[in-house]
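Next come two complexes built around chain A: one with chain B, the other with chain C.
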Partner chain A sequence: MRFKIFTGLCAVCTFLLPLFTVKPNRIQTGSAVWVFELPPGYWAAAVILIFLIAFIVFSRRHTDILFLLFSLAFMTLLLAILHYLQGHLYMWDAQEYGRISFSGGFWIALLTIYLLLSWAYRNTRHKQLLLPIAILLMTAGVFLFILVGSFEHTAILLEYQNRSQKFLMELLNHINLSLAAVGTATVIGVPAGIWAARSQKYRILVFKTVNGIQTIPSLALFGLMIAPLALLSQQFPVLRSLGIAGIGTAPALIALTLYSLLPIIRNTFTGIYYIETQIISAAHGMGMNRAQTFRYIELPLSTPMILTGIRMSLVQCIGNTAVAALIGAGGLGTFIFQGLGQSVPDLILLGVIPVILLSILFDRLFHLAEHWATPRGVRLAWGN
Partner chain B sequence: MHGVTKILKQQKLGALFVLVYLLYVALPTLQYSLLSPLFPHLQEILYPRASLLRLFGEHLLLVLLSGISAFVTGIILGIGVTRPWGREFLQSVQDLTALLQTFPPVAVLTLAVPAVGFGFTPAYLALFLYSILPIVRNTITGLLSVPQPLKEAARGMGMTPLQVLIKAELPQAFPAILTGTRISMIINIGTATIGGVIGAGGLGVAIVAGLVRDNTAFVLQGAIAAAGLAFLADYLFELWEQKMNRQE
Partner chain C sequence: MNKKLVLVTSVLALSLAAFVILTGCEPKQETKGKVVIASKIDTEGALLGSMIVQLLDHHGYEAVDKTEFGTTEVMRKAIRAEEIDIYPEYTGNVAFFHNDADNPVWKDPQEAYARAVELDEEAYDLRWLQPAPANNTWAIAVRQDLAEQNSLFTLADLAEYVNNGGNLKLACSEEFASRQGALPSFEEAYNFKLEKDQLLILSGGNTATTERAAAEQTDGVNAAMAYGTDGALAALGLVVLEDNRNVQHVYQPAPLVRGEVLDKYPEIETILNPVFGTLDLKTLQSLNSRLAVHGEAASDVAQEYLQENGLLK
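For the complex of A and B:
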């Protein structure tokens, strides 16, 4: 009940705040677009939608389909308003260079849609079906509106069109850097984790070191990498010809790899170290030697845990790669810091939103991989 | 005062580190004599626009303000959703914090600029919001792991629900809350360093200025101070956790 009321309040707040901002050009500040400035059809639709949600809030029925429909209707209304703005920019003193940015109401609308969907998901009997359907319908809806041209004056899209080639390049660059760093960290970290699980002597040393690295602020670690690498490349011109210098990809890659070590080593260690001794004894009893025990028992049992570590590293690394743009490593951070430098909020968004989406995407992918890599017997024992 | 001298006796190495770090931050001559041999060809060794001590102060203020408000808000939120009247929100708060934690801290920090603008306020807001997440999660985990019989025994002794919370549940959950606070503080210090880019001041200012002007000495001057601050905070939390473990 309280949850539904909260969702309803969010829905109301969406329309109490300005939904969009219309700017005449890239530099000038814009004017806010409130829902009641729109033709009666739009705000009537908003009012009806809110009344419908209120109705559901106070009725005691748990209808998943209705909540799904509401979230879709909510999104459609937002997109319809956006489409209307495209054609009527002059009403907010903007002409052909006019651009539309998202405002407070829009972000609250996203929260409302999230809440409506999570409510539908919680009360549905078809959990496997609901989320894919919702995502499919929403993506289809957004694409439909893109095709019709509703996004033509959206500021973030304009920023993208100005540098679509560069965007693609930096996006790939970002993914490459993150994957390369986490890949290297996996190659180093998994053996190190296994080693830490086997040798009590070096365990503390390994963990103190990687914990210490993880504590250093990312920007500081990038900074600390620059000086030694710059000195090295000054001393040895060979290194410089290999592209190793104080600024650029080399220090970024080293720092990102160092950062990615902790979750991987820690999880590998936990995965191997906390396997019950009876299982190992049983394996030995069956006549397995140490290598076989490792290959058929320890490795399969700890793989999900190791994958969790790699996932945590990767999600963290995607964020830190954005910071690496400050030392000239490229990636999506380039747009973020350019946007900050030029005070163009939409350029910042062009960098930030893909970074967030990438994090969520890789997070989900690895969740799937973890589920898939868990041995069937273990999955049954955990009950999922 | 007695406690302090005791800690100093036991933790000689740690105390030495703290002392050296504070001296480094406070004394420009020390910074200069440390950095100038490394960069003989550079004209300027120290960031000229502000002293490191000032930047350190700004950094500390930002981190402490956002950290303390996140600590209070996070615990209240965590308590709220584990009470009978807030249980409905438990699942959503857990889902939402899990989702938001996949957002990179730098994304949250820079998103604050389109929302609020440049300066101290957006940095404070972003750090505050991001710091809440680990605290809420750990408060929830801590409170949910309090054994039911313990709560029932407390109720049976005639305690009111508020007394059960304060005298039985919170002390039990405190180690988990402390761990969450430690995680959030370390992230907070790291993210505040990037705050230099959005005009929030702090130690990142020297690093960014060094990067922009291609002066590695500025970068190093700030980076050492920022890394040291993170180690300092981590060390203090370590001491606190050790002290708590000993009391048990």
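For the complex of A and C:
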């Protein structure tokens, strides 16, 4: 019930806040657009939609199709308003260079759509079907509106069009940097974690080091890399020819790797150290030697835990990589800092939104990998 | 089961290897040679950098585009570490790289340029090409209505207005308010003083935010720290007050090239000099405004300008 009321409140808030902002050009703040400023058809549709949502919120019927339809209707209304604004920019004192930014109401509308969809998903008997259908319909809807030109004056897309090539390059760069850093951290971190699980003395040493690294603010760590690496590359031309220098990829990669170590080492250690001693004893009882115990018992049992550590590292690393733009390593942070410098929020969003999407994407992918790597016996014991 | 772990690890390791290989060996093409062009992370940097990239590319060089690369400090480190070959820098900045800020030569365009050439060549073998006849220096901009009502054209007018109790509130960065070369030097030369409540200090603020504050009269602000060539000024209804006593250093943009690269490809100088010669204050302001205000792509604006002036076919 609380969930439904929250959904209803979100739906109402969507129209209480300005949905979009129309700006006459790239740097002026522009004017907010509320739904009640639009022609009657639009706000009437909004009011009807809210009443309908309120009705199902308070009714006891849980029909998945209804919720799915409402979320689609919500999205269509939003896109229709966007389309209307494209053609009527002059009503908000914007002309040729006018652009439309998303405002508070728009973001809450996205949340509402998500809530309606997840409610539909929870109550459906066709879990396999609902999500693909919803995604298909929504993508089709968005594409339809793109085809009729509803997005032509959308500020974030205008920013994207200006740098479409650079965007692709920086996106790949961002993914590469994050994966390379976490890859290196895995190669170092997993053995270090195993080592820590084996020996009390090294455990203290290892954790003191990585905990210490984690407390350094990311910007400071990037800064700290510059001097020693510049010195190294000046002393040894071989390093310079490999592309190692004070700024750029090398210091970013090192700093990001160092940050990625803690979750990987911590989880590897936990995964191995906390395996029940009976299991190990049983393995020994079956005649396994140390290497066999490790290979057939300890490693498989700790694999899900290790993968969780890698996943945590990767999600954290995708966020941290944004800061790497400050030392010339590129990545999506470039757009964030350009946007901050020119005080153009839409350009900041062009960097931020893909970072969020990347984090979610890799998080989901690794969830799948964890599920797949969990031994069947363990999965049964956990009951999933 | 550990095969899976090995698989995941090797995928990650492979991506690392692929990354190193991809960044290490770029495909080689038949060109006169490779030149890495960078620029600062602002609209003027994007514009000037893009011009240099397109011109060198047009003349058969492999122009590696690293425009909008980083802050002044990063640029400076990068060119000294030979990571980049060329980037547009401002003459007046050299004073601060060499602790020469008190030298009066920085207030005259020719002398400042000569001094920059001398200092950078001697210390780091960096060569300055021809500067643009535009001064992108620190300035104070006021709202158009304020300027018209009180006939403010120069900073001397502003000083008189302030001293007669006129209402003024200036948005600026911490650096502008406190650095000796900025507001304090204006106050000294024109004999006025802005009190604390006449300043709105936006820490880490840049001219885009201060100008916007003045345009929108945030917190009663009606004046803003600005740069001479800012493109947003006209669109925001602000006018720059003239520094008629030449308080500020002169900041003329010019390509800065590594000596080694220029010796190898001396042609670069003859390619770039004609372009920078045409970029006067009005031209730069209007080109910058197309980037900053209209949101056009730097490469389009640069290309169009070069073609219009017959510098690029």
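Heads up, the rule we're going with is that the second predicted complex is superposed on the first by the 367 of 384 C-alpha atoms of A that agree within 3 Å, B and C clash if a C-alpha of one lies under 4 Å from a C-alpha of the other, contacts with A are read in each partner's own complex, and residues count from 1 in each chain.
Here is the rule we go by: a contact is a pair of C-beta atoms (placed from the backbone, for glycine too) under 8 Å apart; a residue touches a chain by one contact, two chains touch by 3 or more.
Small disclaimer: the values here were computed from a predicted structure and weren't measured.
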- Task: Tell me which partner A:A230 touches in the superposition: chain B (first), chain C (second), both or neither.
- Result: both
- Task: Name the contact category of A:F6: first (chain B only), second (chain C only), both, or neither.
- Result: first
- Query: Given the touch rule stated above, what does A:F337 touch, chain B (first), chain C (second), both, or neither?
  - Reply: both
- Check whether A:P300 is in contact with chain B, with chain C, with both or with neither, and answer first, second, both or neither. second
- Query: Is A:V47 contacted by the first partner chain B, the second partner chain C, both or neither?
  - Reply: neither
- Message: One more residue to check, A:I327. First (chain B), second (chain C), both or neither?
- Response: both
- Message: In the overlaid three-chain picture, which partner chain does A:V355 touch, first (chain B) or second (chain C), both, or neither?
- Response: first
- Given the touch rule stated above, what does A:L219 touch, chain B (first), chain C (second), both, or neither? first
- Query: What residues on chain A does chain C touch that chain B touches too?
  - Reply: 226, 230, 246-247, 326-327, 337, 343
- Of chain A, residues touching chain C in the complex: 25-29, 97, 99, 155, 158-159, 161-163, 176-177, 179-180, 182-184, 186-187, 190, 226, 230, 233-234, 240, 242-243, 245-249, 295-296, 299-300, 303, 306-307, 310, 326-328, 334, 337-338, 341-344, 369, 372-373, 375
- Task: Sort out for me which residues of chain B touch chain A in the complex.
- Result: 38, 85-86, 88-89, 91-92, 95-96, 99, 102-107, 110-111, 113-115, 118, 186, 189-194, 196-198, 203-204, 207-208, 210-211, 214, 216, 219-220, 222-224, 226-227, 230-231, 234
- Item | Parts of chain C lying in touch with chain A, wherever the complex brings them together | 1-2, 4-5, 8-9, 12-13, 15-16, 19-20, 22-24, 41-43, 66, 68-71, 74, 77-78, 81-83, 206, 208-209, 212, 215-216, 232, 235-236, 292-298
- Message: Applying the document's contact rule, which stretches of chain A touch chain B when the two form their complex?
- Response: 1-3, 6, 101, 104, 114-115, 118, 122, 212, 214-221, 223-224, 226-227, 230-231, 246-247, 315-316, 318-320, 322-323, 326-327, 333, 336-337, 339-340, 343, 345-346, 348-349, 351-352, 355-356, 359-360, 363
